[in-house]
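This structure is in structure tokens; I'll ask about it shortly.
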Amino acid sequence: MLKGLDPLLGPELLATLRAMGHGDELAIVDTNFPAASLGRPVIRLDGVPAPRVLDAVLSVMPLDDFVPESAWRMEVVGDPEAEMPIFSEFRHAIVARESASFRLGSLERFAFYERARQAFAVVVTGEQRLYGNILLKKGVVRPD
Amino acid sequence: MLKGLDPLLGPELLATLRAMGHGDELAIVDTNFPAASLGRPVIRLDGVPAPRVLDAVLSVMPLDDFVPESAWRMEVVGDPEAEMPIFSEFRHAIVARESASFRLGSLERFAFYERARQAFAVVVTGEQRLYGNILLKKGVVRPD
Amino acid sequence: MLKGLDPLLGPELLATLRAMGHGDELAIVDTNFPAASLGRPVIRLDGVPAPRVLDAVLSVMPLDDFVPESAWRMEVVGDPEAEMPIFSEFRHAIVARESASFRLGSLERFAFYERARQAFAVVVTGEQRLYGNILLKKGVVRPD
Amino acid sequence: MLKGLDPLLGPELLATLRAMGHGDELAIVDTNFPAASLGRPVIRLDGVPAPRVLDAVLSVMPLDDFVPESAWRMEVVGDPEAEMPIFSEFRHAIVARESASFRLGSLERFAFYERARQAFAVVVTGEQRLYGNILLKKGVVRPD
Amino acid sequence: MLKGLDPLLGPELLATLRAMGHGDELAIVDTNFPAASLGRPVIRLDGVPAPRVLDAVLSVMPLDDFVPESAWRMEVVGDPEAEMPIFSEFRHAIVARESASFRLGSLERFAFYERARQAFAVVVTGEQRLYGNILLKKGVVRPD
Amino acid sequence: MLKGLDPLLGPELLATLRAMGHGDELAIVDTNFPAASLGRPVIRLDGVPAPRVLDAVLSVMPLDDFVPESAWRMEVVGDPEAEMPIFSEFRHAIVARESASFRLGSLERFAFYERARQAFAVVVTGEQRLYGNILLKKGVVRPD
Amino acid sequence: MLKGLDPLLGPELLATLRAMGHGDELAIVDTNFPAASLGRPVIRLDGVPAPRVLDAVLSVMPLDDFVPESAWRMEVVGDPEAEMPIFSEFRHAIVARESASFRLGSLERFAFYERARQAFAVVVTGEQRLYGNILLKKGVVRPD
Amino acid sequence: MLKGLDPLLGPELLATLRAMGHGDELAIVDTNFPAASLGRPVIRLDGVPAPRVLDAVLSVMPLDDFVPESAWRMEVVGDPEAEMPIFSEFRHAIVARESASFRLGSLERFAFYERARQAFAVVVTGEQRLYGNILLKKGVVRPD
Amino acid sequence: MLKGLDPLLGPELLATLRAMGHGDELAIVDTNFPAASLGRPVIRLDGVPAPRVLDAVLSVMPLDDFVPESAWRMEVVGDPEAEMPIFSEFRHAIVARESASFRLGSLERFAFYERARQAFAVVVTGEQRLYGNILLKKGVVRPD
Amino acid sequence: MLKGLDPLLGPELLATLRAMGHGDELAIVDTNFPAASLGRPVIRLDGVPAPRVLDAVLSVMPLDDFVPESAWRMEVVGDPEAEMPIFSEFRHAIVARESASFRLGSLERFAFYERARQAFAVVVTGEQRLYGNILLKKGVVRPD
């Protein structure tokens, strides 16, 4: 344990978040997501809901404000306009850690996979609800 | 996810439990425990309480009934008789998954470390309470 | 050995099945199949018939119900309509573990190879009968 | 598959048997045996009974005739004279492949573990019966 | 040494031949052949003539009978019809181990290199004669 | 960069501090220190003074309050009572991040080496002053 | 420490600079730069400003005089003509170590990324100012 | 040291030359050459002039006599006809070890780089003169 | 192939002989010898008689003349004075490559194993005769 | 090549010298020395005399002035007082780079081996003269 850091941030996840730079992307995915076959480093947080992991990540990682969108969820297959309860949980976590100016974009299932295949790393959570997946683009910390 | 298996049992933990044999020991430890310096394989379950992990492990792993004791907790430093709330949570998990005939032994702090240094693997949980550590000795599954 | 799990599921195979996600595919092949040259991870179950391995895998792994077909056998070379005894053994295993709604698709020999080259892993069985090969697409486990 | 070789002898087991030399020992153990913690290379034959594996190994590997004993089983804990059905299956396999002049020695449980810790490799079978363990010492093939 | 196996078949070569499947190809080449730069696994048998290695390989490996040709030699540079003494040694080894129905095909030098670049493995012999190279396609062993 | 974390804490150092547990020790050493030959993981912070690194480490890592001393400096060779300016810089950093109740112990040069050989990791700083070395013992973070 | 060498040049950076040859390029980047995702070796100098690192590198590495430009900075996004204070610090370091004849070129943000993806290595500094990035092309040392 | 072998031929260089086959190419380059970025194995002979290394290599390695040219030097940038003193040293070494029938070809700077990127290995010498680079194509040793 | 070198000396054996220094020992052993379990690097020359390998090794490796004995054979078990035909073949090879002043020492079977466990490397030959084992101590090459 | 650095100092040697700390030792040995069997990292400088390598090393590495002796040569076997020409070459290099106050100690052959087995690394030179071996203990660089 470290002082002042969310205990969910284990050694590997902390190192990953710190090593990421401006524009690098992180995927936080549910427990059914085909994470291992993406070919990217996988960090597991079995047993922890995805919104809880999102909150821990955003407690230290800034989102990118150079671009119009820096967070994306997966769209429901066959119903791209559908709204699942977990989507608003994602939005609340973002607003609480960043600001309401960040809107949550969306990607069709296979487009989401394709994007995740370029991610810096993939965090597999214990989220059992379907569509519990989100992609984040890291921003910069400006000098004081 | 797999059918009929506790979702806490991720790929590495499942493989570890399956590879262990009769008499091999597993350490399940709290988040302050010096796990990485033991020199044994480390599996992390950040964010999950230790009794919850114990329950998941015992859902598939039998305890050893060839020996008088096959589970041990760490004793409170300077007060070996002290009883912490987590100890009874450990006992309940064992009784629920095995039987009341398994008693929970105890080891002094440094004796616990020494024993854990011989373990097959160490599971680091997100347990934040002190003394949230337990050692388990694997038993056999008898043919039908 | 673990409680309640088919003993055919060794450490590596369990970890593989658990790490696979929605849409990932597994190849279960006969002993003459060119498995090692596919470039995918190989798990061996020498001495065990393919339908027996299929049954063990389906005891924990759900098939994908988002797509019309989620299991495929290899077609007989030069006689794509031919029916070999092992094909119905495959169908019985699927019906017993999933439901009759899953039909067993088929692929021409080299198309089967090409598809297996994208698989998550390949399980080499001890099946000595020719055409003892099957590809499975993993589904999701829905929250309770 | 190769011509004239028992199909149980997979790539890794064949290479191991061929690389072993005069006096090197091989452990063939049951599915509950603590094989992975011995620190020796492990080869798995999940799903195959131990006497069947023993027969396959002896189909190519000679036993050592420079020493009085070159095969040992584990003794029943607390009853060293006890005779289990699998012991005579082991004896039959040895007689069938070598000759009746090879007697099957025995080792107490922890002495067996200690000896196995020096083995060239450990073959984990799918044998579910307890005490399904045997140690073999390799002999020489003399020039014609 | 193992009983009943050609002593030329060392640990690595045995494992390779056993791991190969239907349609996989093996290159057996002379000592001047650019084997290491093919990017395939290399097994060395320095000091042993190529026909002797071919005989040892065919003592356990079946040739493919699903295709018109399953063995190829390299053609003499600038004289594709030329017949070198080693070609008939290759043919004799094939006939002795398989049958006269297998004809020895041929490939132009650079076509041979290209094909070898796809081989499962390359066996470098001690053959000092030029053109002492042969490619083999593995067949199946049918159930009894 | 991460929000709210000292920028000196790079990916590897963060992961190391997070993976350390109760009682594990970290060595922070000057640029002449024989760090690489200790056989422990080395993390470099070339160009940064040792007290600056100490401050960054203590911004997240608690010191151990189960023991009388949890920080040690190296004694001047031949003059164990000597006080170097950097010693008080070390004390100030500790007081600022922890409390005045932590006293800075001392170890003779070769005793310091011996102790560092057991450390979890060694951080090599750019400190050019001699005796710019300190050992820290990690404490626990108690639950809220 | 070594005699006569800038102490910022640690073991890995020295080896990298020495191994680079004529025309190879080195990226020196700020702390927000997405260095790890470039796929090139990363050397960290957390806590050290970029112009200070540039000076240390140029104390031993010659710039390429076979080409019109051998150093490039990143252009400000949306304002390619903008001049940031760090740009002149870069120019001063180059002039001080080489000569005024070397002009500092510039690259648009994503062109800079693309070029850095071909670099020999990337040095991540502790530079917190945005646009604190520079690419250098190594020259030759001529014989005396 | 070995009897009868040039002492410049160290373990790695000897193994490399022996493993090369007919048509494989070796690059011998000067100390400013961008060898490490070619992506080929690098063998260093710091402190030794290139013609001395060439002589040692040709003491055991035959040149290819199946092709019109089997050795190439780099052309002077901007002056392809220029003759540098080291070129004749290369020619003398080739004539001394092979015969005058081997002519030294030439390649433009970037064509030389491209060709070296396909080489079996690169030997970096201590040659400080510019253009001290040569590519060799290995020939065959014919049976007696 | 290389000019003037015995073709039995493959890449790995050449590198090994060159890397060995004064006093390092090499074991050349028969095909039944337990080479792989010694824990030393193993080089295989399947199919080649041991005296032939000894001759190739001594064609480049000098024996040690600082000590009374620098070559040892294994004694026949139970009959240390017994003389096997291969012993004189070993003596002839030594006399032919070095001089009659080198006598062939002998070691009891298990003393030979113990000594081989300290060897630089072990060369496994195809020698099928028992006791076809020899240990060599490398000498120096003196400057001209 | 780097500006102002002896060209003998290649990437690996530079990194080694920089990573060494106060009291770490480096062995520089002749071409017959059993360097590879020491079990320490080996850096080769084939073709370069030992005194030349010593000079290059001392151009950047300070000797230890905390101890009475910080450089040792090997004594002639059987004649510990013997003075070889290379010993005075070693002394000249030390005086030229450090000062006359550093005396060259000596160690008996096997004591030298034992000491070298603890060295940080071993540099194998091309020195062909016997006894061309020296051990150096690194000192500190004091702050300005």
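As written, the chains take the letters A, B, C, D, E, F, G, H, I and J, and residue 1 is the first residue of each chain.
One rule holds for everything that comes next: contacts are C-beta pairs under 8 Å (C-beta built on N, C-alpha and C of every residue); 3 or more make two chains touch, one makes a residue touch a chain.
It should be emphasised that the depicted structure is a prediction, and the values quoted were computed from it without experimental measurement.
Minimum number of contact steps separating chain B from chain I: 2. Contacts with chain D and chain I are shared by E. In terms of the distance between Cα centroids, chain G is separated most widely from D.
The angle of the rotation superposing chain D on chain J, based on CA atoms and rounded to the nearest 5, is 145 degrees. The mean-CA centres of chain E and chain G are about 53 angstrom from one another, to the nearest whole unit. Measuring from the averaged C-alpha position of chain A to that of chain C gives a distance of 33 Å. In terms of their C-alpha centroids, the spacing between chain G and chain J amounts to 34 Å.
Contacts with at least two other chains are made by residues 1, 9-12, 19, 32, 36, 128, 140-141 of chain E.
You'll find the chains touch as A-B, A-C, A-F, A-G, B-C, B-D, B-F, C-D, C-E, D-E, D-I, E-H, E-I, F-G, F-J, G-H, G-J, H-I, H-J, I-J. Per the touch definition, chain B reaches chain F in the complex via residues 32-37, 77, 128-130. Those residues of chain F lying in contact with chain G across their complex are 1, 7-13, 31-32, 36, 44-48, 52, 126, 128. Residue ranges of chain C in contact with chain A, taken from their complex: 19-24, 66, 120, 138, 140-143. Residues of chain H touching chain I in their complex: 1-5, 9-12, 14-19, 59-62, 140-141.
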